[in-house]
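Below is a structure I'd like to ask you about.
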Amino acid sequence: MTATRRRAPLDTVQAAESSAEQRQPYAELGLAKDEYARIKEILGRRPTSSELAMYSVMWSEHCSYKSSKVHLKQFGEKAPDQAKEILLVGMGENAGVVDVGGGLAVTFKIESHNHPSYVEPYQGAATGVGGIVRDILTMGARPIAVLDSLRFGAADARDTARVLPGVVSGIGGYGNCLGLPNIGGELVFDPSYLANPLVNALCVGVLPADGIKLAKAEGPGSLVVLFGARTGGDGIGGASVLASASFEREGERRRPAVQVGDPFTEKVLIECCLEIFAADLVTGIQDLGAAGLSCATTELAAAGTGGMRIDLDLAPLRDETLAPEEILMSESQERMMAVVTPDNLEAFFEVCAKWDVAATVLGTVTDGDRLVMSWHGETIVDVPPRTLAHEGPVYRRPVRRPYDQDALNGEHGNGLPRPKTGEQLRATALKLISSPNLADKSWVTDQYDRYVQGNTVLAQPEDAGMVRLPGPDGEDSDVGIAVSVDGNGRYCRLDPYAGAQLALAEAYRNVAVTGARPLAVTNCLNFGSPEDPAVMWQFAEAVRGLADGCQQLGIPVTGGNVSFYNQTGNTAILPTPVVGVLGVIDDVTRRTPMALRGDGARLYLLGDTRDEFGGSEWAHVAHGFLGGRPPAVDLEREKLLADVLIDASRDGLIDAAHDLSDGGLFVALAEACLRGGSGIRLIVPDGADPFVFLFSESAGRAIVAVPRTEEVRFTDLCTARRLPAQRIGVLDILEAAVEVRGQFRLPMAELRVAWASTLPALFG
Amino acid sequence: MVTFPGSLDDRDALRAIRLAGAEPVALWHGDKWLSDVDAVVLPGGFSYGDYLRCGAIARFAPAMESVIDGARNGLPVLGICNGFQVLCEAHLLPGALIRNAERRFVCRDQRLRIVNADTAWTAGYQPGQELVIPIKNIDGGFVADRRTLDEIEGEGRVVARYLGANPNGSYRDIAGICNQAGNVVGLMPHPEHAIDPLTGPSADGLGFFGSLLSKLVSA
Amino acid sequence: MARVVVDVVMKPEILDPQGQAILGALTRLGIEGVNSVRQGKHFELDVDDDLDDATVTKLADTLLANPVIEDFTIHR
Amino acid sequence: MARVVVDVVMKPEILDPQGQAILGALTRLGIEGVNSVRQGKHFELDVDDDLDDATVTKLADTLLANPVIEDFTIHR
C-alpha cells in the first residue's frame, strides 16, 4: 500500500539485470534470506519488485503450504482403495470431485478466513464464504449449499460480543444474497479463541461427471481472460501478511486494506460462469483468491502448457493509482480468470454481456515455459511459473511433544466432585443444556437462509445437512447428499492423534445418522505457529491421526486448507482440525430426522457407554477443567454403527436417530425431544451409574426411536451385527417432560427455556 | 415468473407453479414480453444486490413495464419477498418494506392467518385459515403512514397477518397485502418453500398457486 | 466536475429501527445527552457541471429516495 | 437542544458495492452526466447543548462508523 503514496519508479527486468545489487524488502514481505537467495538463483538475477511480490505471496505459508506439505502427503499416501472408485479429482485442485453416480458428481471443500474475520468480522466472514464458493464454482459446479464452522472466545467476553455478531451477519449476508442454503456448521466457545476466532466455511457444489473444469492454461494461442469485479487495493499483502505471519507481530504494524465483498457481483458471476460452462466455452478456469492475479496466472500456466504472456496494464482497475506490484497482490473479490480459444471468444463475451459481467483479455497462452508480464510495453515479470506454483520452499519443521503434555494427560480429574442425588443430576442437566456450547443455536442459524433452492431436506439443528440433487433432466431426483463438519479442540489438546480421529468419527457418524453413506472428507487444520515445535507436533499428530482414520473408514480426503499462526503472543489456540464428511443417500424420502415424535416408540441406545470425561463438556462447564485422555476411538465400531443406521433407515426400522457427542446421552435426548415436542420416560439400566449413563462422552454411540411394530426386526438386526443396543425408554407425548426414572423429572417447558435463553441473553 | 439479476427463489417458484399444475414460463428482466402469460410471479431474492433499497433498482427493469401495464389491466401478479418490495417500489402496492425491527436477517417457520381469501392468489383458502410458511428476509418490516394503513385495512386489503411473534416489526402484523382490484398481491413469507413436507415445514403454500389456477380455469 | 450530496432520511412518522438500536446502545454504553438518533443514507455524486438540478431532483426522487417513506435534501 | 449530523462513507480505497450498483442503474436508466456515486450513512442526532465534541467524536468512532473501513465527518 505504501507504494501508492511514495510511487517507486517502474522496476523492469532490464533494470533488474543492470542493478543486481539493489537492496529489496524481501523480509518485510515475509520472505526468508535463503528463500530470497533461491529466487535470485532461479532467475539468475535479482527479481523485479513485481516478481518479488509474486514470489512472496506464492511462497507464503498460506499459498505454498511450506510447513504442512510434508505432512499432508499422507492423505494421498494412505488414501483408501475406495478413493480410486469414487474420486474424479483428488487433492491438489481447487476442490476434490466425488462421483455420486447417475452421471452426477459432487465437489466440496472447507477453507478458513480466521484472521480477516478478527480484523473486520462482517467483511472477513463474508469474503470467506465468497472465496470458498468460487473454489467450488471453479471446478465447473453449481454451488448448492454452505456450512460454517465457528469458534470464538468465552461467550461472555467483551470482544466476543464484537466478533460473533459481525461474523454471523457476514456469513448470512453473503450466503443469503447468493441464494445458497446454509445447512449446518458448528458454534464453539473457548477462551483460547478470544483473539483468534476460527471462521471455516464449507461449500458443496454439483456438476455433470463429465463437466469437470480444471485450472490449466493449455493450447498456445488461447486467450487469457480476466472477468468479474475490477481490481482495487483490497487486502494487498493479505496473503503474505495476514496469513503467513503472526497477526500480532505483523498485523499491527501494517494492517492491509480489508477486503470488502460484493455478493451481488458474485451471484451474477456464478450464473455467468455456469452458462459459460454449459456452452463449453473455456478450456481452463481459475478463481482469484489469496494472492489474486499472481496465484491465478502462475497456477494456470504451471498446470498447462507452461507459457503465458500477460499485459498487466490491461487489467481494469478500481483505483487507477495502483502499482503493478499491488495489482499482482490485490485480493479484490469476485474475480475469475478463464482460458478461452479464439473461436469461442465472441460467444464468451456474449454471455458475459448478458449478465453484465465485465471481461477483459489480459494475454495469451504461449509456447515455452515462461510467464511474461508487461506494463505499458516494458517487461516487468519473466519467470518459470512452476517455481512459484509448485516448487516453493518445503520445510520439515522441528516437532516436540509439549512439555506439559504428560502432566496434562496425568491429571485424569477422577477426583472432580460428581453429582450424586437426583437433585444434583437435575441441576447438572440444566447447567449443561444452558451452557453456551450446548444451548440452542438458533440465534445464529435463524440468520441463515436454509430454504433457498428448494432442495433442503435436513438443516440445522439436524446432525447433518441434507440436500436433494437435481436429476439428469434437471428435474428433482431422489438422490441426496449429506454433509457434517466437526472438530473438538479440547480432545485434540489432550491427544491430537485421537482428537483428529474423534472429529472425523463424529462427522462420519452425523452423516450416517441421517441414513446417508459417508463417502469423502475435507478438512481445515487450524493451529498455532508452525515455528513452535510443540504446535508442529500437534499438527503432525493430528494429520497422522486423520490420515490413518480416513484409511480405516475407507473415505478419502479430497481437499482442505491449513491455517497456521492462530495464536496470541506465544499462546496458541487449542489445536483444532475441523473435519467435513460428505455422504450420499439414494432416496431422500428415507432420511432419518433427529426429532423424537412417534408416541410409544421405543428408545434405544446404540454402542457402549464408559466412564469417559476427559475433555468433556461436563468437566469444562462444571469445573473449568481440562485434563486426562479423550474418549477412546474405535473406528471399526463407528463403521458398524453407521452400517446399522443406514440399513435401518433404508428398511424403515427407525423413526428418528441422533448421535451422541458433547454432553452425552442427556443432551442428545433433550435436543431430540425439544425438536419433536415429545416427552420421554428414561430408565437407567441396572448397575449403570446414572451420572456416567447421562453425561459420559464415549464415542461410537447414537440413540434411535424404533416404532413398536419394528422393534423385533430392529433388535434382530443389531444382534446379527453384534452392535450393542439397549432399550432405555419409551416416547410419551402426554408426559411433556424428560423423566429419568427414580432420579429426576424435567418438564419440557423448563428444559426449553433453559436451552433457548442463553444466546439471546448474551447477544441480544 | 420474472428473473432479475440477483433473484434467488426463481427456480423454486417455477417448481411451485409446476406442482400446482400450471405451466411455468421463465421471463428475463431485460425483456418486455408480449407473450400471453396468464399471471406473473416476482420471486424472492436480492435483485441487483438490494444495496440501495430492496426492489428500488429492479423496479426500472424493462420487464417491469410489462408487469405494470398488465397489473393495471387485471393481470394477476404475485410478489414474494423481494417481489413484494419491487411492487411497492413500483407503486403497484402501497407502503414500503424496511429493515427488520431486530435488524437481523430472520429465517423461520412462520404462522400466518389468511385474512382476505378473495384475491386471485388466496381464493383457495378459507378466511381465517392458519398456515405455516417459511419467512426469510432482512427488510421485511411493512410500513406506511396511518392513513394508508387504515385505508388498507378498511378496504380489506390485508391478505395475511403474522401469528405469534411478529418476525420483522411489520405494522399491524401485516404479512401481505393486495391492490384494490385484488389481482396484485405482495407477500413477505415464501409459499414456494411450503409446497412439500420433504423440503419445507408444510405444503400450506401450494394454495397460493392453486387458487390462481382454479380461478383461471373457471374464468 | 461538481460534487452533489443527497441526504435521505425516513419520514418522521415511520419509526427507524436502526436509529432506535443506536440510541439503545448509547444508553448501555452510559453515554448521556443524546435524545434521539435517526439513521439515513448519504450519497456523494460526482456529476458533470452542466447536469441540471431538475435531473438531480428526479434522480433523488425516483431512485435514491422512496418518497413513500423518505424525505431527501440536495446539497450542490 | 442541538442537532448534530454525522456522515459516514467508505474509505476511498475500499470497494463500495452500493455506489457501484446505483451507477449501473443510472446507466440503464439512461441518465447521463453522473460519473461516480458513493453511498454512505447519514445520522441525525438531537443532543443536549452541553454535550462536548469529544463525546460526539467517540460516539461516531465507536458506534456510527466502523473505523476499519469507514471515515466520518461531524457537522454541528
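The chains carry the letters A, B, C and D, assigned in the order they are written, with residues numbered from 1 in each.
Throughout what follows, a residue touches a chain if its C-beta (ideal position, glycine included) is under 8 Å from a C-beta of that chain, and two chains touch if they have at least 3 such contacts.
Because the structure is a prediction, the values reported are computed rather than measured.
S.K.: Would you say A-D or B-D is joined by more C-beta pairs in contact?
M.R.: A-D
S.K.: What whole-number Å value describes the gap between the mean CA coordinates of chain B and chain D?
M.R.: 33
S.K.: As a quick test, compute the distance in whole Å between the mean CA positions of chain A and chain B.
M.R.: About 36 Å, centre to centre.
S.K.: What whole-number Å value describes the gap between the mean CA coordinates of chain A and chain C?
M.R.: 40
S.K.: Spell out, as numbers or ranges, the residues of chain C touching 2 or more other chains.
M.R.: Those would be 63-64.
S.K.: Give me the residues of chain B that touch two or more other chains.
M.R.: Expected reply: 48-49, 51-52, 57, 60.
S.K.: Hey, what residues on chain A touch two or more of the other chains?
M.R.: Residues 262, 264-265, 356.
S.K.: Dump the list of chain pairs that touch, please.
M.R.: A-B, A-D, B-C, B-D, C-D
S.K.: Taking the touch rule as given, give the residues of chain D at its contact with chain B in the complex, in rising order.
M.R.: My answer: residues 17-18, 21-22, 24-25, 28-29, 39.
S.K.: In their complex, what parts of chain C are in touch with chain B?
M.R.: Touch list, chain C to chain B: 10-11, 13-15, 17-18, 21, 63-64, 66, 68-69.
S.K.: Inside the complex, what are the residues of chain B that reach chain C?
M.R.: 52-53, 56-57, 60, 88-89, 91, 94-96, 98-103, 141, 143-146, 169
S.K.: So in the complex, which bits of chain B are touching chain D?
M.R.: Residues in contact with chain D: 48-49, 51-52, 57, 60.
S.K.: Residues of chain B touching chain A in their complex?
M.R.: Residues 5-6, 8-9, 11-12, 15, 44-46, 48-51, 104-108, 134, 136, 138, 190, 192-193, 195, 198-200 of chain B touch chain A in their complex.
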